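Submitted below is the structure of interest, expressed as structure tokens.
As written, the chain order gives the labels A, B, C, D and E, with residue 1 at the start of each chain.
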Amino acid sequence: MNNNFLLLLPEFMVTGLAFAILTLDFFIGRDRKHWLGYLAAAGLAFTLIVMLVYQWNTTDSLYDGLISIDGYSLFFRAVFLVMAIVIVLSSVEYVRKNLEYPGEYYAILVFAVVGMMLMSASRELLTAYISLELLSFSLYVLVSFDRYNPRSNEGGTKYILLGAVSSALLLFGISQIFGLTGTTRFDEIGSALRAASEISPGVLVGLVLIIAGLGFKVAAVPFHMWAPDAYEGAPIPITAFLAVASKAAAFALSLRFFAESLLPIIGEWQIILAILAALTVTVGNLVALAQTNLKRLLAYSSIAHVGYLLMGLAALAVVEPDGDVQRNVSHLASNGLMLHLVAYGITNSAAFLCLAAFYNETKRDDIADLAGSARRAPFLTLVMAASLFSLAGLPFFAGFVSKFYLFSAVAAQGLLWLAGLAIFTSLLSLYYYLQVIRQMYIEEPRVSGAIRIPKVTIGLLGVLLAGMVLLGVYPAPVMDAIQHASDALFASIG
Amino acid sequence: MLSQSLVFFYIAAALVIIGGLGVVLTRNIVYAAFALLAAMLGVAGVFLLMFAEFLALVQVLIYGGAVVIVVLFSLMLTRIQDFENLTDHRQWPLAALLAIGVFALLVAATLTTSVRVVERQSLGFLELGESLFTDWAVPFEVASLVLLVALIGSIVLVRTSGGRD
Amino acid sequence: MIELAHLQVLAAALFSIGLYGVLARRSAVLILMSIELMLNAVNINLIGYATFVDFGEAQRALGQVLIIFVITIAAAELALAIAIILRLYRNRSSVNVDQIDALRW
Amino acid sequence: MFGFDPYVLLLLIVLPLVGAGAILVTPGSNVRAIRMEAAVAATVTMLLSVYVFLAYDHSVGGMQLERTWQWLSMPGPWPLGDHAITLHLAIDGIAAPMVLLTGIVLFTGVLVSWRVGDSEEDSKPPKAYFVLYLLLLSGVFGVFVTLDMFFFFFFYELAVLPMYLLIGVWGSSSTFPTFSRTKEYGAMKLMIYLVAGSVLIWVAMLAIFVEGGLGTFDLVALEQVTFSDNFQKIFFPLLMVGFGVLAGLWPFHTWSPDGHVAAPTAVSMVHAGVLMKLGAFGIIRIGMMLMPEGAQAWMPALIGLGTVNVIYGAWSAIGQNDLKYVIGYSSVSHMGYVLMGIATLNPLGLSGAVLQMFSHGIMTALFFAVVGAIYERTHTRDIYTLDGLAKRMGFTATMFAIAGLASLGLPGLSGFVAELLVFLGLFQTYPLLGVLGIIGAAITAVYILRLLARVFFGPLGERWEDQTDASGLERVSTLVLAGFILLVGLFPFPFIRVIESGVFEVLARFGDVG
Amino acid sequence: MTEIIGTNWAWVIPALSAGAFFIVLPFRRYLPVQGAPLSIAAILLGFVLFWFVLADLLASGTADLSIRWLSVGDTTLTWGTTVDQISVTMLGLVTFVALLVQVYSLGYMKHDGKYDPGLGRYYAVHSLFVAAMLALVLADNLVFLYITWELVGLGSYLLIGFWYERRSAAEAAKKAFITTRIGDVGLLIGIVLLFRATGTFDISTLIHIAQNGGIEQGTLNVSMFLIFLGAMGKSAQVPFHVWLPDAMEGPTPVSALIHAATMVAAGVYLVARLMPLFELTPTVLVVVASVGVVTFVFAGTIALVVTDIKRVLAYSTVSHLGLMMLSLGAGGVGVALFHLVAHGVAKAMLFLGAGSVMHAMHEETDIRKMGGLRRRMPVTGWTFAIGAASLAGVIPLAGFFTKDEVLLRVLEYRHPVFIVLALFGVVLSALYMARLTFATFFGEPKSDHSEVHESPTVMTLPLLLLAIPAIGVGFFAFGLGDTYKGFAGFIDGHSKFHLNIWLSIASLVLAGIGIWIGWAAYIRGSLSTERIIDRFQSVHRVLAAKYYVDEIYQWVIDRIVLVLGRFIAAFDRVVVNDTAVDGTGDSVKISGFRMKFVQTGRIYNYGMAMAAGVVILSLIWWIVQT
């Protein structure tokens, strides 16, 4: 076997970066540890550049397709790196003010990125699972990282216990699939399933278990219940990481798995995913209506967004009434899913960054605490409002375009009812986002005095806002990249 | 007429089931830990019956030697007085129902699925090792990172510092 | 003769027992132990398939490789979870999952 | 004309945005500069909109000033996937007067808003106000000039978005003897309602996109598709109700009066003057152009609801004690004429409807400008508290009277021409409803005259001894509006023939009718 | 444009006044005497032009002129004028009366040597009103007619409400506008119905089509009835008469203008103009006649007991308008217009006289406080007496001839009931006129009149100028050879003047009886009004209350319109909004609130959800699959 391990150069670099951080941690003084954060960001950025330069237009694989470096994984790894940079940078101030052990914090964060990158690249269940666990373990630690905060702890406990259960479910599912198809490779599973005349109950249960495991990872109803608690308990940048990056990684994995393995039998599971998606958007948005804590509200809102993304999975092909599968607009669904992931990622990062900046100064994160923040921190509030509008899917911001595209794709695959439901629940979401905006802009501040925001945060917020608007008014360049990713994804299944 | 292997299997299975039930039913947590150990050993027995000696060995070493010890240590570190009167919460009948449901589902699913089986076949140490370190080298390396993260995480979380505990 | 079905039923049983434990027990540590049962059920399932099904030359070792990884992950998970639970115990003086519901609704 | 014709529609959208951007980078303390920037942006945009209106050649008809920019492609098994979403700008005879209307309202609204942030009790910064205001108007322009469903919807939502903050922050809460309405409530209801309408629209758009099978959202391309009867009958009502919400279609109208009561003056002007027109415009542009059979099947329902709008809205206005509620319900009533006119599906009725959109836009803007001027001075809108204001506010009273008379359909003012055409159209299809429509106009007279007699005439209330009349800027803005009311009332033909050219394009879709 | 100034210039007449409006209203502060001279000049020029138009009409016959106002598809709306005998008559009457009223107003609006501060506004609106009225009589199509019709309404609204600071004036203006507008609903519907049937608004085309049977009889009946409703509103026919007496809240010259020669004449004019159509609908004509005669008698009885000088005149106007309608109902276009002219000048004179009195007596209007004023104000007194006598039907004043012709027409073309009622009305007419004149100008002063002086020349001159036609216009009734066949013939081209001597004698006698009763009651005192009132208390109460029509309307407005308005408003708020709309929103919110408690915070519940999810999803899938 002739394996070009240089293909994994970005992963090696990121891993090396983690070790570098751990090592440097010993030599850096206590009050300069925030430089580790900048180092991490710089390292990730460097990796990003190297990756883009060396792997642009690369299509290659390791171990006959065990790990695939193609347009799809390139796109997602780039997205992950960017997200990670944002999260790292937004962590710096937060970590300095709230957490101990910054070295370990950044290192584990970077390890998580390795897991995410491998998740998008792997085309095999075991590799994918291990990468997923690398990400999960990092997150378990990071969620509990606010050591003396019982809430952080509680969130971590719930997350790891339920995470372990979901691992068990996922593994049982994998074992079923492995046992009944004889392989763990996505493409081989796909051909095995296509060859079979119908789905045997064993495979069916296995698939449900895998869906459950992945559903847990992305927080789809009814596997979502850990999410609000873990989100609320976790340090804010980690909440953002959970909501944005880990979800994106899980979707990167799921999309490839569903596209490569399960697309031939989409007629079987489309309805299952559609139900999951419908449940998720409904429950997420309805419960969000009743929230008073902003972190928790964003948690539920991100659950709702998972529902939208799941719709993209459910709509990977048209299932004709007679059971035939039409795949000629499949790329629309995957495009929509990826676009929404990007839009949602940018938007949610911005929202959480705002929240973190606010929390750093006030130590509060209830919605009511935001009262009058427009007077106290105009720019912060502006970005927050913009991101909330974007999440609600109002134009000028990324959320509008991505929702429009995604829902169009879903409708184009014959799931108009699902798109309709999603649109309707978007309306519900607007209500609770507006409640937040109301606090920020309309209510009088209860505490006066400006909120000080670090320059780095301002810059980062500016960049995110620009990204949000740019994607909202001119998504074509990003769309091109996404189209390449989709082409790469579907190229492998012909 | 039971074959010899089947008898051994039933013994191992009984160990597994009883151990498992012990873990989930007993009111004494120390008993539960030992029940777990029993179940793990039962699983090791099953491995042996499947000609997977290496796995059986690993199972005994990791579970018997490490996991159960860690569990016991953790029990020592937490509240002693709870040890002897563990109770389940009121949800348990529902839990039982659901567990039976899952069991029924899994059994029904597996039994209605026809699998083309062959004779039990063994896998040599070498073959396993070679596969693990060539075909599955990447997951293996990643697994090491997982362990590393778990290690660092455990240390960070449990380490006392600054006297705040 | 031992058949695949034996192992599958055993795996299903252990899995369900573990699930019951997760759902019914109060102590976080016991929940953790129940999860170990579930993971072992996976292993029983895997070894069954690995032994009784002919996957061809290329995938022969895959079943056992999977089990090794599962065991590894299970152990690591257990360790990390116990660390977190210990942390929880220090903060709250309890590992009773009834009592860790400050985050809800 | 000056070589910028291909860009002129884009400029319409962009100029307010440029203004907003300029304001955004101006320090908030420099109130004067902010106002000047807003005024300049508004003036230039208005002039541009006048130019657009004049540049539209009615004798040629059809889509003019057309320009397309590629925006996003959706490759797939369809012919036009490469041009799935394009920024396709053009105006027809229906959009042209709407653009003019928007320009006028934008301009006068800025003048009316001049003193935002000056009020003594709490000074809300004018900076964000003008930014949002210009954003709103940019969206409105966008809706009128775009021919792509995506962008139509994009601008539509863009027009809705700033409303929440404009009302929520700069609005006012009101307490009445038996109930109260906070500005938060008004703003929230308005927003939720409008977006709820857009939910239906969105679903229908997606259905059209899929059913069309062209892989494009371009309206012109989709017009070539013949949708099945069933499809049209199922999805036209979605559009009808969805857009109808914005047009104040009964019983989905309650956001509108409550929104007015909460909104600041200029926002009320835009809301009733322009925003409600988007709904009617949408029904024509998307609903009727794409689904003529569906439209035909559902027109009886629309015309019935429109009639309810007219009578119910007018009668409801009689029972109101708050100036803004009266005007708000009168808008509901007048939009009923628009809906009725649309539903006639004949040239007279449809032209009347479009002219009524224009006329009502101007008229109601004038109403709200005047009411705002009164409220700013007296801090009340209760018609039993205000009395004899004409003595101190003669100019204001005159302007109110002009708006009121236009509203009750007095010949010589714009409302009459529009309503007459609607009636003529109605009598060709539904004479009985036409009778109800005319009766509605008489009911309008009751509440408008009652208002005039209560608020402006009679002996001057003692506490209004020191009232001042309208300021210079208020005079300019109201005079501009009143001028257009007279202009359209006396010389409607320049407007009608532009509208007519658009109306015939629409009716051509209804083969047998047109 | 022709070489000479003639019928083609007719449109200039209203345009002049309209121009005056547009100049005076905005710039009144900067014009001398607030722009009044401009306004007067405009109408004077109009009056002069009228003679050219008349001459040209007599020389070259009727003329049409129209321009396109707007068109949609094949429907074209025009603004156009038609000059024929009817319109030229009205043109003359309106310009003449308006001119005099405007001149008179210069004096009337001057208090203690200072012009009223609202003078400019007054003249501007006056011009607007006159322009609208002139355009109305010239209109050649129904839409243009409706436009001007409404503008006349607007003008009256603004004039009646001129003293808007008086609550009563504001209310009266509103009442006038709304009442007439209710009639206008009918008018507009009628017009649109005719359009629907024929596709045109042009009056002559309409008539042509209708006469050739182009309109279904049912449609025509309905349309004409509805159009007549409009006429009833404007001409204050029962039951739409209520606005007219209240409209006396306006300045008195306004009353002279509006209620004598212009606005109220519009209804009569409309019916006259459309008479060829009405003739095709005999049933509607009967309605017209009935309404006319009822109004004639009804208003006459009320006029007997009213004590306000202007209101007596107002009810008299209503009454005489009824007479004109009666005449039209009998098909007598010419005689109706003849009476319109005679009544117009006489009533204008009466109102101006009343204004003169009020001007002198500081706005006193109660006739019970007057008496013997002819000695202090001779010009006013005698012109007033002439006007009153004319309307009472004293030979040889104009009123006698015109009324006589109407009665003759009715006698010939209608059921005997009509003539009986009409003759009763003649008695009433004479009686209240006598009462008014005698109580005001004759007999003894009932209060101190030492301060009262005759009004200035600018006011008395118009009175004197009006007296001339009031006396002499009746002689136009007689034909003059072949070229002029009497006034009625001049209008419709075929009527011939003739007399029924018995009818003339009867009406003269009846008028004499009326006057004699008045003389007996108010000068000689041989008839005690108190005793009569005592005797017929209930009748008096009903009359004094004007048959409770106002009360009934007030009740309808208060109890039905306003209450329903409040009900709908409350319904909209409570049911539609708070219950249906907010309720939906709230229930969604509440369901979210309930649902959040599923999130208990307990791990085992969470795990349960996951496990249940797995089981349920599997079952669903399995079931769907099989």
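By our rule, a residue touches a chain if its C-beta (ideal position, glycine included) is under 8 Å from a C-beta of that chain, and two chains touch if they have at least 3 such contacts.
As the structure is a computational prediction, the values presented were derived from the model and not from experiment.
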Starting at chain A, figure out the least number of steps needed to reach chain D through touching chains.
1
Show which chains lie in contact with chain A and also with chain B.
C, E
In terms of CA centres, which chain lies closest to the overall middle?
D
If you tally contacting C-beta pairs, which pair wins, C-E or D-E?
D-E
What is the chain whose Cα centre is as far as it gets from that of chain A?
E
State, to the nearest whole Å, the distance from the C-alpha centre of chain C to the C-alpha centre of chain D.
64
If you average the CA atoms of chain A and of chain C, how far apart do the two points sit, in angstrom?
26
Chain B-chain E separation of Cα centroids, rounded to whole Å:
102
Would you kindly tell me how far, in whole Å, the mean C-alpha position of chain E lies from that of chain A?
77
Show the residues in chain B shared as contacts by 2 or more other chains, in ascending order.
89, 91, 94-95, 98-99, 102, 105-106, 109-110, 115, 135-136, 139, 143, 146, 150, 153, 157
Expected list for chain E, residues touching two or more other chains, is 585, 596, 599, 601, 603-605, 607-608, 611-612, 614, 618
Multi-partner residues in chain D (2 or more other chains touched) are 192
Who touches whom among the chains?
A-B, A-C, A-D, A-E, B-C, B-E, C-E, D-E
Considering the complex alone, what residue numbers of chain E touch chain D?
68-73, 75, 143, 146-148, 150-151, 154, 157, 161, 164-167, 169-171, 173-174, 177-178, 181-182, 184-185, 188-189, 192-193, 195-196, 561-562, 564-570, 572-573, 576-577, 580-582, 585
Which residues of chain D touch chain A once you look at their complex with the stated criterion?
71-77, 135, 139, 150, 153-155, 157-158, 160-161, 164-165, 168-169, 183-184, 187-188, 191-192, 195-196, 199, 202-203, 206-207, 209-210
Spell out the residues on chain D that touch chain E in their complex, using ranges where they run on.
179, 189, 192-193, 251, 254, 258, 312, 315-320, 325, 329, 347-348, 351, 388, 390-391, 405, 408, 410-412, 416-417, 420-421, 423-424, 427-428, 431, 434-435, 438-439, 441-442, 445-447, 449-450, 452-453, 456-460, 492-493, 496-497, 500, 503-504
Please name which positions on chain C make contact with chain E in the complex.
19, 22-25, 28, 31, 97-98, 100-105
Write out the stretch or stretches of chain B touching chain C in their complex.
3, 5-6, 9, 13, 16-17, 20-21, 23-24, 29, 32-33, 36, 39-40, 43, 46-47, 49-52, 54-55, 58-59, 62-63, 66-67, 70-71, 74-75, 77-79, 82, 86-89, 91-92, 94-96, 98-100, 102-103, 106-107, 110-111, 115-118, 120-121, 123, 127-128, 130-132, 135-136, 139, 143, 146-147, 150-151, 153-155, 157-158, 165
